[in-house]
Amino acid sequence: MILTVVAIALIVVMAMAIARAFLGPTIYDRILAVNLFGTKTVLLIAVVSYIFGRPDFLDIALIYALINFISVIAVLRFFEYGSDKVNEKVGEDG
Amino acid sequence: MFAISTLLDISVLTLLVIVALAMVRERDLFATVMLSGIYGLLSASFFVLMDAADVAFTEAAVGAGIFPLLMLTVLTSVGRYEAGERRVRILPLMLMLALAGALFAAVVQMPAFGAVDAPSHAHVAQRYIYDSPDEIGIPNMVTSVLASYRGFDTLGEVVVIFTAAVGVVVILLGGRPKTPQQSSQALMAEHKVLRIVGKMLIPLILLFGLYVQFHGEYGPGGGFQAGVIFAVGIILYAMLFGLSNAQRVVPLGVLRWLVALGVLIYGSVGLASLLAGGEYLNYSVLANDSVTGQHIGIIVIELGVGITVASAMVLIFFAFTRATRSRDELEE
Amino acid sequence: MAEIVTVLSSLCLILGAFLIFSGGLGVLRFPDFFTRMHAAGVTETMAATLIVLGLMLHSGWGLPLFKLLLILLFVMITGPTASHALAKSALHGGLRPLGDNTNNERH
Amino acid sequence: MAEYYNYLVVVLLMVVGLYIVMAQANLVKKLIGLNIFQTSVFIFYISTAKVTGGTAPIVVDGAELYSNPLPQVLILTAIVVGIATMALALALVLRIKRAYGSVEEDVILEQDKPC
């Protein structure tokens, strides 16, 4: 029952993160939203694996935790040190 | 319990549609790639909800990890914004509406979602579910179907990955590198904390990759997943410490050999079973006892799959990075 | 004993869910990037810790407990690192917090 | 309605992806559309695999009903093959950019026109 509540809260926050990723306005907001979304996915998978009674799924949550970090690094790397075309309007986009 | 899984299913799918529509509207390709990362994470959560643990594993590493990574690399070269006016094109829109209508009409004729007696569960699936634990002797049915019952199909998939990697190398590393267009900058030198935490994480990622590789018979995992995870570890190293350092660890020449080696290992298992008197890729003849033979066969071909997938992904990433970076940065 | 563990686990989960929700609200509603970053960063690590802790209490001894411990470890290391790198990168990229008058290029 | 929701979403995603491929001129955007299209097929297969009340197809004590492992196997390999072929397409995009200086479809077609 409580796990259900947690899962629903996670879904709601995921929706909020999607809204932020779409609204922007700066590129950093979008990166923040993706990062937030990734952490929530980790937690959702962990919670769902207990709702379904299959703790094998925890391996998946584990790999999400790693991938999420890597994608933040990737975005920062390509955004900061990419070509000038990417950097032309730092901060304000859209 | 049933109600909550339906609720989660519906909400995740709705979010997927919302993200897809947002991607249509977005003009900034960078933001679109961010959204596609979210899209990958969402579809992987959906696969977990559908009991497809192995698929979720792969999609997590591919859809949320490698796909956005490759896209970002390409964006540094092709630019961040789309050109031209965004207008609704009438003809494609009409076509799509017609297609959607036709597909909707077809879809409601299908057996209801989750029906136990759907035709797709009636035939060969029964054997996979109820006989494979005895025939193959491993608990993960996905692995036994992938590696043993459909071993020949999987060999084909591995060859496709090999071919795609060769194609990328030919296309991107064939010509001369681009002329330098930016000053050399120490990669990620600003982010000392990131570098240190990354250095701590890389061995853990590689270790986890090995765990996934060899635990694939008992839990979610296997060669495809492990290969991608292993590749992600090396790609992380390349991102934090520069391509030239990463190439010192795994040189391009070695990678080229490894991509082929994996396919070769897979194929040789088939030859070995031919020589032992069975059919191609029939592992039962590899040992005196058929279950032991299956075990040996599956471990070896999963290793081949893992080697090919990991080296193909790393090779593809290196090729992309080399093609989009300037010369002096490569020689930092 | 079992009841105490159950109550503790529920408490952790509920508190975690509340923190997650407030963090999400902050990310959606706060006025500029740094305040949103604050909302996300502060709640995220705490909430993730609480939820994973709740699940750990829920699960009992075994391999799942160890895996949860690993997840907890990863989240606690990577979360703050990512937040730090992101904030630094934004500052470096020319974004200034609201009310910061030393550099008015964004106003 | 609820029992067809998965399939309706599959159709929607498929159409959205195809629309991006057809109507938007940027080649990178087209590939992103192709990815959406591809994922819709994945979702379709995985949805057909699910059995109500079933559990993940890894043998576990006390479970009688398992979801169908076959579509999962097909999609598992399709995802990895998909990213490999997507990489090939992106490599072609990079070469097109190098050769034509643009990745917008109309600009490329303009340059290819015989004078």
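We just call them A, B, C and D in the order they show up, numbering each chain from 1.
Note that in this section a contact is a pair of C-beta atoms (placed from the backbone, for glycine too) under 8 Å apart; a residue touches a chain by one contact, two chains touch by 3 or more.
Note that this is a predicted model, so its numbers are computed, not measured.
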item	value
Length of the shortest touching-chain route, subunit C through to subunit D	2
Pair joined by the larger number of C-beta contacts - A-B, B-C	A-B
Greatest separation from subunit D - chain, by CA centre	C
Between subunit B and subunit A, distance of the C-alpha-averaged centres to the nearest whole Å	19
Cα-centroid distance, subunit B relative to subunit C, in whole angstrom	28
Distance from subunit C to subunit A - Cα centre to Cα centre, in angstrom	12
Residue list for subunit C, restricted to those that touch at least two other chains	74, 78, 81, 85, 89, 92
Touching two or more other chains - residues of subunit A	17, 31, 33, 52, 54, 56-57, 59, 62, 66, 68-69, 73, 76, 79-80
Contacts with two or more other chains, residues of subunit B listed in rising order	51, 53, 75, 77-79, 190-191, 194, 197, 201, 219-220, 324
Chains grouped in pairs wherever the two touch, ordered by label	A-B, A-C, A-D, B-C, B-D
Partner subunit D, residues of subunit A touching it in the complex	52-54, 56-57
Touching residues (chain side subunit B, partner subunit A) in the complex	1, 4-5, 7-8, 11-12, 15, 18-19, 22, 26-28, 30-31, 34-35, 37-38, 41-42, 44-45, 48-49, 51, 53, 56-57, 60-61, 64-65, 68-69, 72-73, 75-80, 181-182, 185, 187-188, 190-191, 194, 197-198, 201, 204-205, 208, 212, 219-221, 229, 232, 235-236, 239-240, 324
Subunit C-facing residues of subunit B, complex	190-191, 193-194, 197, 200-201
In the complex, subunit C residues that touch subunit B	74, 77-78, 81, 84-85, 88-89, 92
Residue ranges of subunit C in contact with subunit A within the complex	10, 13-14, 16-18, 20-21, 23-25, 27-28, 33, 36-37, 40, 44, 47-48, 51-52, 54-55, 58-59, 62-64, 67-68, 70-71, 74-75, 78-79, 81-83, 85-86, 89-90, 92-95, 106
